[in-house]
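What follows is a set of structures for review.
Here come two complexes built around subunit A, the first alongside subunit B, the second alongside subunit C.
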Partner chain A sequence: MQGNRNVMIVDDDAHVRIAVKTILSDAGFHVIAADSGSQCIELLKEGFSGVILLDIMMPGMDGWDTIRAILDNKLEQGVAIIMLTAKNVPDNKMIGLQEYVVDYITKPFDNEDLIEKTSFIMGYVNDQRNPGTAE
Partner chain B sequence: MKIIIIASSTGGPFILESVLSDLPVLNAVIIIVQHLPPAFTGSFCKQISSLTRMPVSIAADGEKITLPHVYTSPAGKHLLVGNNRIFSHSDTEKVHGVRPAADLTMMSMLKRSEDSLMGIVLTGMGRDGADGINYLHSLGAVTIAQDPSTAPIKSMPQAAIETGQVDLILTPDQIRDAIVSF
Partner chain C sequence: MSIEKNSGYDVQISHALVSLLMNAPGPACIADFTGTVILANDYFKKVFHIPPGSRDLKINIFSKDSPFSPAVKEIININEGIVSSAWKKITISPADGEKRNLIAIIIPFSDEKSGHFFFFSGCDITAEDLMSPEESRTNMLHDLINEIVRSNHLGQHPNEQLQYVIGRVGKVMNVQYSSYLEIDENIAPFRIYERYLWSADEGFLFGNEIEVLRDDHTFFTIFEELKSNKPKILRKHEIHGLIRKIFDKRKSGTLLLVPLTRELHLTGILAFWEKSDSREWMHPELTTLLVLAGIIETCCSKHRIEEVLEKSEQKFQSLIDRIGDMYFMTDKSGLLIRVSPSMAKNLGFSSVHSLLGTSLENMIHPPEFWPVFLSDIISEEGVKDYEIQLATSDSQIIFSSISCRLVYDDDGELLGIEGVIRDITRRKQYGDLLSDLEWKLEQAQKIARMGVWSYDSNLERFRVSQEVFSLLGIPKDQNYVVFNDFISRTYPPDKNKFLHFFPLTVSHGKDFDFEFRISLDSGKFRYLRMKGTPLIKRNVIQGSYGILQDITERKDVENHLMKYATELEEKTMELDAMRTQLLDMNRDLDDRVRKRTVQIEDLLKQKDEFIQIIGHDLKTPLTPLVAILPYIRKRITDPELGELLDNSIEDVSTIRKLVTTILDLAQMNSLYMLSDIQEIYVKEMIDQVINDNAYLIHQKSLHLVNDTPDFCQVFMSPIHFETVLGNLIGNAVKYSFIDGNVTINVVDQEDSVLITIKDEGIGIEPEQIPRVFEDFYRADNSRHERGSHGLGLAITKRVVEMYHGTISAESGGVGKGSVFSLQLKKNPEIFLKKREGLIHTIKQQQRDKNARK
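Moving on, here comes the complex of A and B:
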């Protein structure tokens, strides 16, 4: 496999973190886990780049707060965000942030859907590292 | 000239793989307004170009529309179409929290007897595209919303449908067929 295969699962639910890590590791991704938005920010500051699977409903800093913190700290380069959440309908906190959420997966998720969308969005991250022309 | 404007947001890049799958060269112009982080604008354009043999490029400020062509929206700027033929970029404030906003692109279109218009709203958060669809319908355009049951995020197509000005509610594959037969 070539290019970036890094995935960060950000979820306060340990069962979800373990499930995602198992599924995506088996699919060839390198998966790290964060149990909070603040830990996600710390891992980004340490240099993580790749796809972030981000839960919305977390205690303290929720998913939208986490995206705002990513932007405020200018940590958005080299990352693509997929919301992974049990919440069916995004709330008003997403206004102004929706362009930073490339895709959205509802829990409970289908394993193949998770792998397929993560692979697809990873293509954007890798293309950002190795840009070419469209024409 | 046949002009098709697509509003797309969260989940859109993946859905467009179906909507534009193996799209033949059409005698039409397709304008895709996609909400994305600015850094991914080029990647998105490259992805779309992999789906069709039609020329694909990011619409440039001052560029004259050519036929056939697929244009994608620029990074962080609204995309307007003057006299249905000339693109311009705008830095005006975000609309419904987004820039580019498909509403502004759609609402920059004019009713011209030589043009046929189609407006499409795909998956996404918020309500971008709904006002644009309402306006395009008033110009006689064919208006389409993605079937919300097939959308990762239902808000945008649902908002378009709630205007009462959507002609067709279709699955991604059906939207492809509608584009090809337009």
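Moving on, here comes the complex of A and C:
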């Protein structure tokens, strides 16, 4: 398979990070983990591109704050964000940032669902990076 | 006619001229222009002593020997060569010596061949000339009178004939003017019209209107004298005033007035004006004139009378024609000789003429009645308003009223019967109707206990209906009622009321309506109501009339009602007091409820928040558990461990479901939702849900039918749609018996989609149907299974309502299956907008997913 296979899991819960990393790595993705929004920014600055699985509820800088920081640092190129959420409650913070979210995955998730969505969005990221060379 | 002439040549003379010549009343001849007589009649020959039949005339009328010569020379001027016809009275002395007076007429005529000729004629007037002028005038007047009487022209055409007579008389009388003075005494001041003014010189002139004042004494005196039927001669020098002016104007000297009188009334005057003021009229002449005047008056008045008669006759006829009543007249034998058109019409005859000649007897019905009728007429000389029946030509019966009398002529001879008949069939019918109505009214009055009265203020008496007697308790043999009959029976305290109200109508023309009581022997009262209004005839109040009504029952009821009303009022007041208390209590309760509600709402909010946090805190550790356990399971080869792990995986899955569901419910409560609303293909989604239940469907051998049209879409979150359909289809599958049918029917309506899920399973008890959508409801506790927590339908309902849809359940009862109906709007406007691109992406994702399947 050609192209990017990078996934970043951003979650404050270590067990979740391990679970996601285990499942997606098993599915052939290259997974790196970040325990906070600020670490996610650091990794992006280091040149990460690919799918970001972003937990919404995190202490301090939450998922939405993280998206805003990505935009502020103009790091949105080459990334696609899937929000990982335990609660279905939208809040005021998401207004104006929703359009940068490609999909949502509700915790707890089915492994197949996670793999499927990640694969699909990954294809989307690669298309964006290399327009005209899809499939 | 060719005549051989003495001079030897022939002359053609017309027949008419010869005939005139032969029949002339005196000597007549035709002479040529030299005066030579060519033709002469026998009279002429006799004058000149020529034997009759002789043709040898040898006479020249111009010669000196001719007895005509002096006259001829006088009237013909030959030398001037101008000849016109002329006449002259001449006297001739024939050979026998007797002098004759002649009127000589000479008429010239000419012939193209023979030149001028003269026709000479003489009229012998010797006899007339011998009479005195008075005699001859009298004779002529007599002739005129004879003519008038014989011809009766004056009677028929008085105006033209009177003019003719005036002219004739004037001529005969040889006066300057003659005229007729018409006197109209009906007009004041009375006027005299001068009509048919004839002048000896100019013929008829237009009549003047001589207006005479009543105080003109001269005329008044003259009139009075004329009334005695004597002619009056007026001389100019004796006359003054208005007539004198007329004398002057007409240059007249004498005026003869001949009166036309009738019963000492002056109806007209014959007037003769004479130039000289000394003309005399002899007695015979004046007498003749008076006779003439009398005849004129008779003729004219006869005419006038006839005219008046004719007019009144016409008037009479038109009256008869117009009257609605039938008029008739019979002759002695009872045959109709005169009937009005209305009679013919009413009796069914096509015209008056077809009725004439029939006997009055034939009209009477029944025929036996005729002698009775006739003897009544004869004995009374007539009858008035005699009621009798008449039979029409088509045998209908007319009720009629006849008034008639016997008619006699001036000599007392019976002429017949004259009378009028009035058709009273209608009246008769109305009469019957009226008496019927009167009877009904009387009955009605009895029932209503109401009487009618009228009061005559002149007689000071009442006329009352029977009911009034019984209401007042007056003996029925008393014919009338007086004021005291009322007053004496009135309960004393009400007497003043009566005395006040009753006279109002008569004194002030006002209506009244009052109630009073009369004392009964039993010691009780009778309440009466008296109502009255003035009786006005010809703008004068003649009394009053009205009703008297027994209102005792009504009064009793009123009194009862009053009592009840008072009680009711008291009760109402008590109730009001109680209501005030209740209101106070209510207000207190309201406050408490409001406070409690706020508290409960707070608590609910806290609960939701608590569940949110709990849910999140539960989900977070569940996530790695759900993800990792299957991963580990793959690595385990030891069957014993694998089975244990499978149990764990199943338990975790149950916990996850429970947590998710509880969180869903909490989310519904707080009305928040994930905003991933999109177009959903209903058929695909239902297929997917069926697929999710495939295991159980297979296990129970169920027959599922998805009867959804392609392309049917709703706008909804797929999660919500799956929740709703998953619950409903899941239930249907869960509660179906083995080998049952489940039908999912979708109807694509205009702006909504109707989805029905029908199963043949355990059904629902009717009384439970309203409760199935409640939280934690479970229709049957025995059905409790793992994974069922009684929240499915509650969540479903909330979701549906969030999208403004409706959901309902039906069931034939336990064991008879259930039907869930779901109506979803195609475009519920509650969602947040998403970027088009993203929607596209997700759709793509959906399609890819389906494609992969």
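As a convention for this text, the second predicted complex is superposed on the first by the 132 of 135 C-alpha atoms of A that agree within 3 Å, B and C clash if a C-alpha of one lies under 4 Å from a C-alpha of the other, contacts with A are read in each partner's own complex, and residues count from 1 in each chain.
In this text, a contact is a pair of C-beta atoms (placed from the backbone, for glycine too) under 8 Å apart; a residue touches a chain by one contact, two chains touch by 3 or more.
None of the values given here were measured: they were computed from a predicted structure.
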Practice item. Kindly classify A:Ala86 by the partners it touches after superposition: subunit B alone (first), subunit C alone (second), both, or neither? Key: second
Review point. Is A:Glu99 touching the first partner subunit B, the second partner subunit C, both, or neither of them?
Key: both
**Study point:** Partner chain(s) touched by A:Gly28 [first = subunit B, second = subunit C, both, neither]
**Key:** neither
Exercise for review: Examine A:Phe120 and indicate which partner it touches, taking first as subunit B and second as subunit C; both and neither are also allowed.
Suggested key: both
Review point. Between subunit B (first) and subunit C (second), which does A:Gln77 come into contact with in this model arrangement: first, second, both, or neither?
Key: first
Practice item. Using the superposition on chain A described above, determine whether A:Gly3 touches subunit B (first), subunit C (second), both, or neither. Key: neither
Review point. Should A:Met57 be classified as contacting the first partner (subunit B), the second (subunit C), both, or neither?
Key: second
Study note, to complete from the structure: subunit A contact set shared between subunit B and subunit C covers 89-90, 98-99, 102-104, 120, 124
Exercise for review: Within their complex, state which residues of subunit A touch subunit B.
Suggested key: 76-77, 80, 83, 89-90, 94-106, 117, 120-121, 123-124, 127-128, 131-135
Study note, to complete from the structure: As the complex stands, subunit A meets subunit C at residues 13, 15-16, 18-20, 22-23, 26, 57, 86-90, 98-99, 102-104, 107-111, 114, 116, 120, 124
Study note, to complete from the structure: In their shared complex, subunit A is touched by residues of subunit B numbered 9-11, 13-14, 17, 35-37, 39-40, 42-49, 55-58, 94, 96-98, 124-126, 152-155
Point to revise | Complex contact set, residues of subunit C against subunit A | key: 612, 615-616, 619-628, 630-631, 656, 663-664, 667, 670, 672-676, 832, 834-835, 838, 841-842, 845, 848-849
